[in-house]
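Take a look at the structure below.
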Amino acid sequence: MHNLELLWNSSGLAQLHAGQGLMILIGLLLLFLAIRKGFEPLLLVPIGFGGVLANIPGAGMAYSAVESALHAADPATLHALAQLLQVPVDAGAKALQAAYDAADTATHLAVRQVVLDAGFTDGMLYNFYSVAIASGAAPLIIFMGVGAMTDFGPLLANPKTLFLGAAAQFGIFATVIGAVGLTELGVMDFTIADAAAIGIIGGADGPTAIYVSSLLAPDLLGAIAVAAYSYMALVPMIQPPIMRALTTEEERRIEMVQMRHVSRREKIVFPLVLLILVALLLPAAAPLLGMFCFGNLMKECGVVDRLSDTAQHALINITTIFLGLSVGSKLVADKFLDVNTLGILFLGIIAFAIGTASGVLIAKLMNRFGKHPLNPLIGSAGVSAVPMAARVSNKLGLEANPHNFLLMHAMGPNVAGVIGSAVAAGVMISLVGG
Amino acid sequence: MQQDLLTQGFELLLYGMGTVVIFLCLLVLATAAMSKTIERFFPEATVPAAKPPAPRAAPAADDAELVAVITAAIRQHRQRG
Amino acid sequence: MHNLELLWNSSGLAQLHAGQGLMILIGLLLLFLAIRKGFEPLLLVPIGFGGVLANIPGAGMAYSAVESALHAADPATLHALAQLLQVPVDAGAKALQAAYDAADTATHLAVRQVVLDAGFTDGMLYNFYSVAIASGAAPLIIFMGVGAMTDFGPLLANPKTLFLGAAAQFGIFATVIGAVGLTELGVMDFTIADAAAIGIIGGADGPTAIYVSSLLAPDLLGAIAVAAYSYMALVPMIQPPIMRALTTEEERRIEMVQMRHVSRREKIVFPLVLLILVALLLPAAAPLLGMFCFGNLMKECGVVDRLSDTAQHALINITTIFLGLSVGSKLVADKFLDVNTLGILFLGIIAFAIGTASGVLIAKLMNRFGKHPLNPLIGSAGVSAVPMAARVSNKLGLEANPHNFLLMHAMGPNVAGVIGSAVAAGVMISLVGG
Amino acid sequence: MQQDLLTQGFELLLYGMGTVVIFLCLLVLATAAMSKTIERFFPEATVPAAKPPAPRAAPAADDAELVAVITAAIRQHRQRG
Amino acid sequence: MHNLELLWNSSGLAQLHAGQGLMILIGLLLLFLAIRKGFEPLLLVPIGFGGVLANIPGAGMAYSAVESALHAADPATLHALAQLLQVPVDAGAKALQAAYDAADTATHLAVRQVVLDAGFTDGMLYNFYSVAIASGAAPLIIFMGVGAMTDFGPLLANPKTLFLGAAAQFGIFATVIGAVGLTELGVMDFTIADAAAIGIIGGADGPTAIYVSSLLAPDLLGAIAVAAYSYMALVPMIQPPIMRALTTEEERRIEMVQMRHVSRREKIVFPLVLLILVALLLPAAAPLLGMFCFGNLMKECGVVDRLSDTAQHALINITTIFLGLSVGSKLVADKFLDVNTLGILFLGIIAFAIGTASGVLIAKLMNRFGKHPLNPLIGSAGVSAVPMAARVSNKLGLEANPHNFLLMHAMGPNVAGVIGSAVAAGVMISLVGG
Amino acid sequence: MQQDLLTQGFELLLYGMGTVVIFLCLLVLATAAMSKTIERFFPEATVPAAKPPAPRAAPAADDAELVAVITAAIRQHRQRG
């Protein structure tokens, strides 16, 4: 009977908490949205599946050995940890966790040795998270692949669209104000680092958001990544009403002059120009923009096609699988089911909306003062969300004027938005992360 | 302390947005300068000449070699057969 | 002359032990079987080659820095280690190794620091093993790729074939009894964890066997993996006599009714149903079956084809190379050349035979009591060994009746066998590994 | 102790095989229920309609865009030429 | 204003040292040579770009957490480190670095804990370097891929060309004498291990050079790798004058007899023969030649084409990207801008020249005493630099005699050169690295 | 000490170059022996027979199966239609 009890106690049903059940449902919902509704499936399928795996009761796939030990609550182990962490013996797992988080590296090592000796091990998703995200590698590798898929031609043909990529980042910083405001009102409880990480959702760029939150607010990473990718998928629903409200029919009909031809050499030199500017002005953005420029240079230089091809296919796909599962590991119930998550979801959509509006408004301004006509609809593409936002601009343009093809014009602010939010990420990291 | 947080937020807005705008302004200038420089001093050759781009001298050599090797292989094959 | 002596002493010939020579020959034999006879070459070529590399005298490619230090037997280092491990100074390398294995994590760290300072380093194959197998990652990634290559259609068309996948796992547990029996008779010397790991050979599923033995019996991993893959390759020789002995010509002639069409939606939902069931009932099987279901969902959902494609090609191939070399690292003479290895080879083939027989017998029973005719030949496919076992069923069916195409019918129990042995693995891990 | 090992073996056989059988029985039931539910409540559209599956609204839009972009590109090319 | 100051101080311009600026220019020069001049672009594009990234002031992408702490020179941290390293408190960062380098592993761990607690982290390129090069993995994986791309047919058709592969390695050892000679003259300052690593440049084989210097002279790795790849790219310029000077027009006109047909079985068995010979004679070369033979066996055996294909494409490309960036991380100004770098560049070209000359001279000797005519031009291909050196031989042969196709004949010594320099690497590691 | 370094260098030259030459000599001998052995005792079948190489018995079986499966699939399809 002892074995039967052991089997039952080790079953999921016997250990299921309501929160885990709820999170499994949320994971399945993400899968439904990704598969049935086409919400950024490349990321949300692995994230949703990882979320389900992370919440399997008793499997501890998302826990480190130390977290597993704290959840198992074996008295002897807790006792040993309490002594190491200098906490009262009867303080409970939460107090131990808090003391562990506050402890120094040497204490971490000592605690880890105790729990490994007690037979606890790191879960699979925890390992994936450590290698892919905690190290910073996966978002950077994805950014390299994105760089290798990006064509800066439209931006080079009309560099002024970089201003639109700047304008749309206002959503990021306005959201920071929102997050600290909600904290001051006592509704939420965010630090300035949390607020900065939440703001980056407004950058509409998944790897940037994941990179920044892994540095500034790892506990919020799950919610931030889910918000970022979900809202990117919702761009075709979020943006059009704002764009229509802020533009006149007349403005939406504006046809833009055809783009000049951009030479191969310009395309090769541009990533280097961008890299040098980053090096001189904002080193904190160098990992992100450096890898982005590296990917782009590999693509454009034409002499390393086999590397560029791998960066765009095998490497980015492998990294995406592990990045997604790793993000899913942060959907574990006791980290995700928190009022802060609701705050993040709310603030994230605000960020998108403000970014869209800023882009459109600055585009209107530029149209008024520029030499060439500029359709304000391409301003919204400055939030990035490549290439969805540019497609939205194109679609609304076609609605107003069936001969108005804005896609290539909108690709300029679209890739400018990627640069803009990476720059914003650099500022956040240097001002807040220091 | 909470007052402090809001101040920090506004400072982040100010310096952050400022940096983004300044950085992208400089990038506009640098990009324009780069494009002008390339167009004036390092223009790409005219289209017909550009098709086989100048920097790659190797392929021509390779082709010659390839032809040579294939010829040699065929010769050997005939001699054997 | 000093250099000449140094060179000679560092040559392989001067350091060759008979065991190493024998293991090199065994490695070459595995290569011969893989290349000339077509025995599971994707795994046995890397395993065989890794086995040769692991036994190169003096190279220490399969040893950790600590093992290298113990083999080098430098007196000063041994002296320091003896003090750390609290063993008499003249105890010798074997006693030191035993004391090291029994020591706690803090002592491991201290010993490691001493040997690193003495200039010893981890061998290449040891590094591969740590990253690929000790972390648990490689078998799970392979299982994800296998999931992405698996079509559950035949199983969904006839879910009752899952019973055959259950029946064939009897081979696993019967082998456990065999292993503990041999130990009780004093012929072999296996713990209950060893017996469980050996039994899994009967699951006829390479990554499952490697995953379980990496957790329960790492020292036996080499022999278990070699047995599992060799017998999988021998399925066309092992199974037919058993199948013929247990069925009548009449039974083998039975034609099965054609399968119903399975909808895409069923195929998408099935991996999620399986995942939820695992989550609720057997969390210990969650890493294996979770990754398997993830791979299958990526394949079936149709919206992440580039990820599914990478999981089926670049990622599984890269992982297979390192998994194979890592398994080969366990073919090092002083671990492999042991009477236990013979026991494992003997028990492994027993496991295959019993699994095959159980599958066929339960299929006969189901044929007697079911509504639709069921050819007992498909029962043997329940051992998994995908797709070889299903092909064997088909071949014997065609021999008895040239119009009898059993392949698709046998694919149901075949993939059911993969699930069955992963479930069995979960039970082993939760009952024995705790 | 050795007696104990054999007992452990038989317990593993009993509980292990039991779990495998129960698990796969439940899976048979769950799978059958799943298939029935999908067939009754969420059947796939009839074949001709199903070929371009409903959930993917995007491709249609993409095609329109693609056509648009190609048209625009051709227009520009002609104007330039 | 505090934030503005913070931003300015964290900008690259405020932190730029002249050395970093110079190294960024050198990185851009490497990119120019790779992209515009076609110098080994697969390696020099990532190396050059990594070199730029490594020298971005303030980003510390190439620094470990400890190096970052020493560069940041925060007084409290330096004080704590000085105590741990038992160095006077006012000794300065250089003395601390030296004390750290000399300290044992336990001290390294303690120092690391202090700097991690102080908020310093490992840079991205440092992480890449640790995983790709310090572990030894990347050069070995590349060597496996090279093995999978190598055709030993020409060498098997005429095994005597192996002598030419031996002869050309004289360049390696002559360069060692050069390096110790310059040190004795007081011009440079190399240890014997440095000299051995520098000599390997003459092997004209990138991964071998990187592997050896990662073991024997990690600080010189950047300069050695840049020299090796640059001179490999320059082979068409370096070799012809030497070849012309040492041969008569008559000799260059010699036509060689056609090669015999080599059977598939010979090609399958050859990598195993080579492996066994390495195992018996020179275990220190086993990692390099083992992986090379493994790749070649996968290619030739014909039963693991999907693994061989991955080794030749996805895996080698991914590894090349990270290897290149990691090598670039060693182009950091304070390691690269040293008179030793000039010495390495000078000695490297000498090594190529001597290797070329030795190959040609031994070929002349073999032509005089052999049964079949042997064109001395194929001797120079023995330096390896596959396939460039063989093409050079072919080109000079065609110049002298338009019907003289030496390419396949030169491929024999060319791949023999790869084996030869790996053997030389093994000797270096066993005599100097012990 | 410096004298020592030069001596070390010459020793490295001597033993290193010696090992390279001896190793490659042995490899020439081993390779020649290997080729002779294979040519004499394990020659490849004559070309026409060798095309479908002997060791791979499986593909034939596979093809038969493939044909069988396709046939079965077609039969089922017809019955359904």
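By written order: A, B, C, D, E and F. Residues from 1 in each chain.
As a convention for this text, a residue touches a chain if its C-beta (ideal position, glycine included) is under 8 Å from a C-beta of that chain, and two chains touch if they have at least 3 such contacts.
To keep track of the chains, here are their UniProt names: A, C, E = Oxaloacetate decarboxylase beta chain; B, D, F = Probable oxaloacetate decarboxylase gamma chain.
What you see is a predicted model; the values in this text were computed from it and never measured.
Note on connectivity: the fewest steps through touching chains from chain E to chain F is 1.
Ranking all chains by how far their C-alpha centres lie from the centre of chain B, first place goes to C.
Among the other chains, D has the CA centre that is most remote from the centre of chain E.
The mean-CA centres of chain D and chain E are about 47 angstrom from one another, to the nearest whole unit. Chain D and chain F, compared by their mean Cα positions, are separated by 41 Å.
Centre-to-centre spacing of chain C and chain F amounts to 26 Å, using the average Cα coordinate of each chain.
Of all residues in chain D, those that touch two or more other chains are 11, 15, 19. Chain contacts: chain E has residues 3, 7, 35, 38, 281-282, 302, 314, 427, 431 touching two or more partner chains.
Those residues of chain E that touch chain C in the shared complex are 104-106, 109, 135-137, 140, 144, 268, 272, 275-276, 278-284, 286-287, 290, 294, 297-298, 301-304, 306-307, 309-311, 314-315, 427, 430-431, 434.
If you check the complex, the residues on chain C that touch chain E are 3, 6-7, 10-13, 15-16, 24, 28, 31, 34-35, 38, 41-42, 45-46, 49, 52-53, 55-59, 61, 110, 112-113, 116-117, 119, 124, 127, 313-314, 317-318, 320-321, 325.
Listed in rising order, the residues of chain D touching chain C in the complex are 2-3, 5-6, 8-13, 15-17, 19-21, 23-28, 30-32, 34-35, 38-39, 42-44, 53. Per the touch definition, chain A reaches chain B in the complex via residues 155-156, 159-160, 162-163, 165-166, 169-170, 172-174, 176-177, 179-181, 183-184, 191-192, 195-196, 262-266, 269-270, 273-274, 277, 281-282, 416, 419-420, 423-424, 426-428, 431-432.
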